[in-house]
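Take a look at the structures below.
Below are two complexes that have chain A in common, paired first with chain B and then with chain C.
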Partner chain A sequence: MASPSLIADAATGKSAAPVRGRSRRADQRPGQRARERRRNLWIYAFLLPTFVLYGMYTLYPMVASYWYSLVEWNGFTADQEFVGVANYEKVFADPQFWNSVKVTLIFMLIVAPLRVFGAFALAILLNSPKLPFTGFFRTVYFIPVVTTTAIVGVVMRFIFDPASGPIAGVLDLFGAGPVDLLGSSDTALMTAGVVYVWKFFGITLIYWLAALQTIPRDLYEAARIDGAGPLGVFRYITLPMLIPFLLIISVLTIEDCFHAFDLMQTMTAGGPFYSTEIVEIYIYRFAFAASIPQLGHASAAAVLFGLLVLVVVLMQAWATVASRRWGNRS
Partner chain B sequence: MTRINRRHFMGGVGLAGLTGMLAACGGESAPPNPGGTGGGGGGGEGGTFTWWDHFGGLQDLHAQWAADEAERLGITIEYSYNEPGKATEALQLANQANSLPDIYSNVVGLPLPALVEAGWLSPITLSDEALARLPEDAFTDGITRLDGEIYGLPALSDRQYWGCTWFNSVIAEEIGFEGPKSYDELLAALKMIADDGTYAPMTLALGAAGRTRDQVDDLAQAGGFPGWQGLRYDTGEYEYHHDSYLNAIELLKEISDNGWLLPGTNSFQVPDARGRWAAGEIGFFIDGPWSPGGVRALNAEHVERMATSGELTPEGEELVITRGAPAPTWFVAGSTSDAEMASQIIETFTQDDYQAALATAMDQPPLNLDIVAEADVIDAYAWLVEDFKKRVFRAPQPQVRKIEVTEVQARQTPPSTDLGAIVQGYLGGDITDVRAELVKLSDAFSAALDAAIDDASGDGIDVSRADWEFADWQRGTDYTY
Partner chain C sequence: MSTTTATRSHLRSPRRVGWWLGAAVLAFVAFVWIYPFLWMASASLKTSGEVFSGGLDLIPEMVQWENYSRAWGDGNFKVYLLNTVIVTVATVVIVVIRCALAGYVLGRYKFPGSRVIIGILVATLFVPTGYTIIPIVKLSLELGILDDHSGMILALAGGANVASILIYAGYFRGLPAELEEAAIVDGAGFFRTFMRIMLPLSMPVTATVAILTFLFTWNAFFLPLVFSFSNPALRTVSVGMQAFVGENSTDWPGMAAAGVISMLPIVVLYAFMQRYFVEGIAGAVKS
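Up next, the complex of A and B:
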């Protein structure tokens, strides 16, 4: 459809060339501008709740955390004594903090690849037009995602109960005896990781399924006409087309894997002996679980944790971009 | 008439919602203000009073008590129970939201003067009748009273110990063991149960680090540690690495290594462990005197099977336990708008019928221990309370001798790790040299105390480590100042 300015130019018989240099706004009639302003007003009106809620529940707590990390405050009193970077010094000097960082990173390294590549493999399978009941299977894999995490954690405690849980029953059949998967520091983190992957696998699966939908069907058809078999189609069509999605799905999943507080708190509460104490539980312990909370210390740990997540995501983004450039050169 | 299209409708709803939300979130957030009118507890003449506590075994009693008192006083009382592990957090968040309940139980770690100064508490006004019902030493400056005003009401006895050896009397009779008094007797009984193979010998709440800490503190004191929670009364020094602590921990380690703990015990929280114990298939369970009350809520049948031999000592010696002055059980919020009415509600906790109901609930023993003998309780609970009267003595407390000490206590931050976690780590094999860990724990506590003293001294408060020394303290006697 021609723009109003072009129509106007055609009506007056003027050349269109000079018009290109003029702003579109200048060509609009006052009525049109008023309508546009009203439309924009509605856009901002619809966006306002999001801005306000995001500001209240995301930006404000972040800014407040930075401030709290510089004060000594127990949360019971109104007294907030400014202590500069003393809280950061205490956090850095606390071996329990570094233990929680280590646990968090190990947990991420266990669960993120399982989620990204496991979900990818399953998405390929579920995307096959030959597979029956795909809708059913997709639903089945997504149901844990919409189940309340805290409830999952509590139920899993019963499932892994070494005295009477079903897992213990199965192990008993093989003569393995009672195995306390959540009560041993050797197995608790891995066990929690498996539950975490099961619980959140569906989100990554949906990402991959959405990515697979973006590959044009005619590419597949062309490849088959050219004689490509299933492996060839996967190797030369599917994989290259999905590489750009790998970055964003990996970043989203890794960032997600740093947040496992509700599941871990209900399953292990960070134990046994801090073996599953991720940074979020460390923060919670200082902020709420202590007889005299140390909100400054907890906030300093939270700020450092935020920076850690940022650094890991930036490193991963850099690695992905670098590898893509290297691939293009070669 | 203007037609409303979808966009107008959605926009209107959005703006209305936003306006409502802003209105709900708006308004100045005033700090708790004793006697003030700012937010907080909404109590008022004929109004609604909120009551929060953390006594799991008293939920039915308190729900009924709240209903009865509401009717008597012509007000509304909203009673809520918070699980002990969450109660402090709930109050902390309520305070920050300026929504403290009018009446709440004492789970806040700060000493009384700090709570008063921060506006958490209103003075409690008790009638002469209520005061007459209480023991003479019910109120102590710095603990429940400040500048002549009562700020905390004790309703529970301080004369109790927490490491009670509960056993299943049916299993005991079937297997053939007596209630153990010494470490060796317990080990022998556990071995008998294990050899029989029908029942699990024992469980604990090892996943609850705080509960494990309390029990090991108690066992260590019973085993001869001259202090409480790692701090020696006589020298004022932390000594978690004292032999009494090591002996108590080694006892648990031996039980664990022999495979006598119910599988899963290493990660059990209190409800997990108590739930298994209440099922009736476990021989022993170490828990506080409140155990029958908690068990009754889970499986009333098991209460009758519960028996206790008190608290273990290494060789079966006479048990000596020390506890401080009666601690506040109940507070009235600084933000309540009717402290008088709130006081009227909580002074009913001094009545004999409440104390009797408390005894009957078999949770924490009532302030008036004598009333237990008349109450409908199991023999084991009655025996335990009689044992408390004989075995529990008054401990010295630095803040009672010198109120300025509370300034230090309010500034003292607990170390990153604690005794309960160390015990869990040792039993689970994560720690091999437990003495070394306990030395580190003592050093960490000592450093935290020194730092708090330095901080307070820097503010001109006259305190020193000597304030924690009670060289004249004698084990087995009530300390007097």
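Up next, the complex of A and C:
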């Protein structure tokens, strides 16, 4: 119950921004009243499909998860028995849950900086008017983003196959012995992280290229006329103009890291020995993959996962407000 | 412009070499970048023996088209592909209609509750599927649409399309107010104004929303996976791939052919509609 309203409160500060400051031509003549009421009817009619679908598939599940987390329930048709916070106690006492939280956070710490700063460097290069074939490079580096993640995950199992995969072929060229990068619990998370970065790198690249587009060309010209070299232009023009974007792009990318289920499930299914089991796979395992589903337990984990994401959303709200303020001051 | 080129022209050649060198490095990395897809395409045309012998060679000795007929027929990918097309097209239609309607009124009108609605939408922009999946399955089961295309379509079109609403709202907000005033003078009502003037004007945004939704739906995995548990005939390509590999773990060429069949449509779409893909994603930063 608490969550949706909490989230709403948290976001109003930010969400109100686009609406604020535009006053519709509000005709306050008395004859206009009826027309306005009719207009409002139309407005709500336009919103009806969204109300229904969004209510059914986003708002209701968010609230219902709380109820389901308080019941003992082992199948979608079986009876539910209210057990209070027992599911939470079980989740908190489960070392595998904490393992999945840890894996999710470590995964985030590996992939988010690689995506944000790697894409930044490439965007700077691709934004240079002197580099040939930039359009071609942009197209190629973006291709993995559009491909089907669940299928890429399967293909990667073959690519990293220690006996016959092409990675093994490359390692062979350098005389390195067969290494099972996805099959060993020491390297699996790192390898999955690299694949993930490769898969979604293009999104962050587009973010940075869009941010670079916002810098007016005359600024570069003016700096050059003032005698700044390429490094000076980068240090005094490009970098300061991009700092507000760094926050937004970081948080967008970090939030994206919570959506790793497709790739992880198909590539490693959380293994070996739970070394790549992110929270979503933990939830999936208890709710859908077990022979006797424990939906109450899974729901409790889902609610906690939702709270984890909420913390990041709050950080986003804070970062956006902070960057706006920063932008206004300078 | 002309003065700067004149003074710089003698400096140019060594610098130019540097840029071309950089381009060469980027080209090599680009090759490695798409190598997995090249490997997949080449494996789909090889014999099992060729693929198993490993190596980095991409050219098959003799092109083996029967890998495709195996994936298409025995592997059931003709069913999976049809399912994916049905689910994706229906989802795109629903999302475009509902998001255009909602985005129009949220972007263009101020009315009781408009701020709260936008606030709630933005707050749920990033709700992960793992959080909502259990109640969604339960709800679909109770409505009797869990083992049906319609259940999957509604679930995909229902949740998590906040970004599309916001894209529409941002676009409609930017249109000049004179458009409506002219329409009212001409005697057009609320609905006619939207259908005849606003919707046609929003074609570029509609293209962006449609293509992004197409991408997300075509590639969706979590929801189709759970929705097709009890009915394998509903599998989309991304779920079907798991089943195929589960049943034929040694048929690498068949797996690769199935992968090519599944991904070709979306890659071709990207090749022709690249601009809209990029604009849709860049929109997140610009707003």
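Throughout what follows, the second predicted complex is superposed on the first by the 256 of 330 C-alpha atoms of A that agree within 3 Å, B and C clash if a C-alpha of one lies under 4 Å from a C-alpha of the other, contacts with A are read in each partner's own complex, and residues count from 1 in each chain.
The criterion applied here is as follows: a contact is a pair of C-beta atoms (placed from the backbone, for glycine too) under 8 Å apart; a residue touches a chain by one contact, two chains touch by 3 or more.
Not measured: the values here are computed from a predicted model.
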Touched partner set for A:272, first chain B, second chain C, both or neither: first
Partner chain in contact with A:94 - chain B first, chain C second, else both or neither: first
Which superposed partner A:182 touches (first chain B, second chain C, both, neither): first
Contacts of A:56 with chain B and chain C, given as first, second, both or neither: both
Chain B versus chain C, judged by how many residues of chain A each one touches: C
First (chain B), second (chain C), both or neither touched by A:298: second
Chain B versus chain C as contact partner of A:289, first or second or both or neither: first
First (chain B), second (chain C), both or neither touched by A:74: first
Chain A residues contacted in one complex by chain B, in the other by chain C: 42, 46, 49, 56, 76-77, 157, 163, 168, 288
Sites on chain B touched by chain A in the complex: 7, 10-11, 14-15, 17-18, 21-22, 25, 31, 85, 88-89, 92, 95-96, 108-110, 114-115, 117-120, 200, 206-207, 209, 262-267, 269, 272, 276, 410, 412-414, 416-417, 421, 424-425, 428-431
Contact set on chain C toward chain A in their complex: 15-16, 19-20, 22-23, 26-27, 30, 33-37, 39-40, 43, 51-56, 94, 97-99, 101-102, 104-106, 109-112, 114-139, 141, 154-155, 157-160, 165, 169-170, 173, 177, 190-191, 194, 215, 218-219, 221-222, 226, 229, 237-239, 241-242, 245, 252, 255-256, 259, 262-263, 266-267, 269-270, 274, 277-278, 281-282, 284-287
Residues of chain A defined as touching chain B within the complex: 42, 45-46, 48-49, 52, 56, 74-79, 94-97, 157, 161-163, 168, 178, 180, 182-185, 188, 268-269, 271-275, 288-294, 297
Parts of chain A lying in touch with chain C, wherever the complex brings them together: 4, 7-8, 10-12, 14-16, 18-19, 22-25, 38-40, 42-43, 46-47, 49-50, 53-54, 56-62, 64-65, 68, 76-77, 125, 128, 130-133, 136-144, 146-152, 154-159, 163-166, 168-170, 172, 198, 203, 206-207, 209-211, 214, 245, 248-249, 252, 255, 258-259, 261-262, 265-266, 279-280, 283-284, 287-288, 295, 298-299, 302-303, 305-306, 309, 312-313
